[in-house]
Amino acid sequence: MPIYECLTTRGTLTDAQRGSFVESVTRIHCEETGAPKDFVHVLFPELEPGHLYSAGSRARTSIIRALVRAGRPPKVRQAIIQRLWDAYLALTGADVMSVVVAVIDVPASWVMEGGMILPEPNAADEAAWMAKVGRSGEAKA
Amino acid sequence: MPIYECLTTRGTLTDAQRGSFVESVTRIHCEETGAPKDFVHVLFPELEPGHLYSAGSRARTSIIRALVRAGRPPKVRQAIIQRLWDAYLALTGADVMSVVVAVIDVPASWVMEGGMILPEPNAADEAAWMAKVGRSGEAKA
Amino acid sequence: MPIYECLTTRGTLTDAQRGSFVESVTRIHCEETGAPKDFVHVLFPELEPGHLYSAGSRARTSIIRALVRAGRPPKVRQAIIQRLWDAYLALTGADVMSVVVAVIDVPASWVMEGGMILPEPNAADEAAWMAKVGRSGEAKA
């Protein structure tokens, strides 16, 4: 976590645009939350052309949907949402009516990465966790 | 929002069935919630044949999964779920044991569309929001 | 429900691995929750190669994401997460840093299967529900 999914119709984004958006997402998430970038995942699922409708008609709406750890202040989420929005529109030139951004909380205790249940989103728990995952990674490597 | 995902195995639905289901979903959502149709998104992701199992065996289960704004009365959700169910079975002839419908709440403040955080699901907030989005859309167009 | 999604990049899993993982997921879910296997769905969506990034770089991270009924004790979730983790790594040999497992609650009343809203996750409600679904299935068959 976090998991950022950018769902588009095939052909909407180029490889270069995906790469640029990943840079933006990763930087935005880390700057706003203070979390390390190691566990920021960005996915680009694609729909077949014609498999998305908005307002009852075929459309090429882009849906950016994130799962993040619950427990951060609302202003952190608001900043992430606004900056994702701005980055995506600047990068793609997408119409303001053809983008959705949703940032959804998931309790840290519902998720495992690196072989361990995630820490709560604060610096102390994260540091302790990272130290353990480092050792665990070495142990299993 | 709402985002209605109808996930099937490739080859399960025809183009015409997708179009008809979009009409049903959009009508049902708007009738039950009073929301405008402008922001109703319906997506049809597809799995490769053989990539879905139910009860441990390969199956062609259809999974209809919606994200809607939190805050409406339970009876609104129940009506949406029942009507989606009925519409999908009537349209496809799918077996009663091969369909799942889930309608999942997401707080309005977690989502941006039209460049603005979504309003709470009530007529006053929605009208104020739509007026602002209209101006914003013009400004950016 | 439950819905277990195992999201990978195309080419990550073989057919045989998918089949084996389904066996593990289905067994783990039923053993830990006591739920019948009939409604355990396991899906394998795939991303195009190059459509997933972790820590800012292209990666082949596997994301196992489940929707389960809310209301079970935390230790049930923890056991499911740990056993899914262990099963997936044993099966695939995936690196400990390239797997995410998330098990997310959804209230039973938000979901319909077999034509009926799901029961709360306890043996009495489930037995009553199964008896009704059986009759409903016969009636519609």
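Letters are used for the chains, namely A, B and C, taken in the order the chains are written, and counting of residues starts over at 1 for each.
In this text, contacts are C-beta pairs under 8 Å (C-beta built on N, C-alpha and C of every residue); 3 or more make two chains touch, one makes a residue touch a chain.
What you are looking at is a predicted structure, and each value in this text was computed from that prediction instead of being measured.
Trainee: For the copies chain A and chain B, give the interface type as same if over half of its residue numbers appear on both sides, and as different if under half do.
Mentor: The interface is built from different residue numbers on each side, given that under half of them are used by both copies.
Trainee: Determine how many degrees of rotation, between 0 and 180 and to the nearest 5, align the Cα atoms of chain A with the equivalent atoms in chain C.
Mentor: Answer in degrees: 120, to the nearest 5.
Trainee: Distance from the CA centroid of chain A to that of chain B, rounded to the nearest Å?
Mentor: Centre-to-centre distance between chain A and chain B: 21 Å.
Trainee: Hunt down the residues of chain B that sit against at least two other chains at once, touch-wise.
Mentor: 45
Trainee: Across the complex, what residues on chain C touch chain A?
Mentor: Against chain A, chain C makes touches at 7, 45, 47-48, 50-56, 59, 61, 63, 65, 74, 77-78, 81-82, 85, 96-97, 99-105.
Trainee: Name, in rising order, each residue of chain B that touches chain A in their complex.
Mentor: Per the touch definition, chain B meets chain A at residues 1, 3, 15, 18-19, 22-23, 26, 37-46, 67, 106, 109-115, 117, 136-137, 140-141.
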